[in-house]
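The two complexes that follow have chain A in common; it is paired with chain B in the first and with chain C in the second.
Here is the complex of A and B:
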């Protein structure tokens, strides 16, 4: 099995999770491929596809909240940014993902 | 049949999203109905030979019921190994740790291979499979 094969399955199942939440894969195809590559590598190392842009803390309860797609655990934060933290998913109406910066939750008054 | 296709099952016997195991000329296959398009694959999982019709079909991705290995039924391509993955460094409860460590050590050496696929067509209500 190669990373390309695994990415195909992740795309399929992630899409089913995020679409009902009002999100979609970023239109930036190159970024999406890069992030999925990292998730496949993280899955091979840790057994689950953690978000590639958030720290693994060795605290199971917290770490489970950064398993991709982690939108349900950070809904207010990601809805405010119209993207998830790493940018793999954006709100379904977003066409220009580069215009959406990362904003820490505390800067949005959410922590 | 002269073109290499043999009758496998009546199309109406498998609802969309369903699967059914058949045996054709001594060969075990699973016929999959992917939203009205039929595919035929080897019955045995490329991981540990479990019967794949007991798994779940989501679109064209079949997930084995035994350990969660996944395959694309249109190509036979392995998309995922077992879940959880056996990494060889799991922390286990002490009472079961010794046994599961042993099993995990064995499991991590098992590769998940892609599985065979077969040409399929539907004629006169029958799903036909080419075994050659």
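Here is the complex of A and C:
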């Protein structure tokens, strides 16, 4: 599958996964395109679409927790930020994603 | 002049914005892209980040202070410069 088709497929699949969780794709279309491009490349290299903004540790149990969409593994953290770490997904009520900072989990008392 | 270094990912747009933040202000910094580093270097980076309770990139060190994530207001505070736009 070529990268454009794969990106389209990931967008379709991810949408179905995140919607029941109360998330949607960021309204920042340029950011979403960039992140999906990175995920397609990461999937081609590693076999799964890892988050582009978290480290792949070569530890399978830990790494499976950053496969996109990784919201279920970080639910409290991402709910508190109203976005996922990379920003591909935001809470369904968010209209201004630039207003949502990245907040470390430890700063939220979650680790 | 503050000593600035950071760990980043080549695939992370927030890491790019962070590098641009410092470059725009002519603040020298060193960086290592975690995903482009060799395995021993990656292991060292993970140990350093975990020692500070950090899991995500960008991971910025300004003198002895650490900032996890794209936080331009915090960068500006630590640098002692006017707060920045997003």
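The definition used in the following text is that the second predicted complex is superposed on the first by the 110 of 111 C-alpha atoms of A that agree within 3 Å, B and C clash if a C-alpha of one lies under 4 Å from a C-alpha of the other, contacts with A are read in each partner's own complex, and residues count from 1 in each chain.
Assume contacts are C-beta pairs under 8 Å (C-beta built on N, C-alpha and C of every residue); 3 or more make two chains touch, one makes a residue touch a chain.
Since the structure is predicted, the reported quantities are computational estimates derived from the model, not experimental observations.
Contact with neither chain B nor chain C is seen for A:80 once the two complexes are overlaid on the shared chain.
In the superposed model, A:94 makes contact with neither chain B nor chain C. When the two complexes are overlaid, the chain among chain B and chain C that reaches more residues of chain A is C. Looking at the shared chain after the overlay, A:67 reaches neither chain B nor chain C.
Contact with chain C, but none with chain B, is seen for A:35 once the two complexes are overlaid on the shared chain.
By the touch criterion defined above, A:54 reaches chain C but does not reach chain B. Look at A:21: by the touch rule set out above, it reaches neither chain B nor chain C. Applying the stated contact rule after C-alpha superposition, one finds that A:13 touches chain B and leaves chain C untouched.
The residues of chain A lying in touch with chain C in their complex are 31, 34-35, 38, 41-42, 52-58, 85-87, 98, 101-106, 111. Residues of chain B touching chain A in their complex: 58-59, 61, 70, 72, 77-81, 83-85, 87, 111-112, 114.
Chain A makes touch with chain B in their complex at residues 1, 5-6, 8-9, 12-13, 16, 43-47.
Here chain C touches chain A in the complex through residues 9, 11-15, 34-35, 39, 42, 45-46, 49, 53-57, 68-71, 86, going by the rule given at the top.
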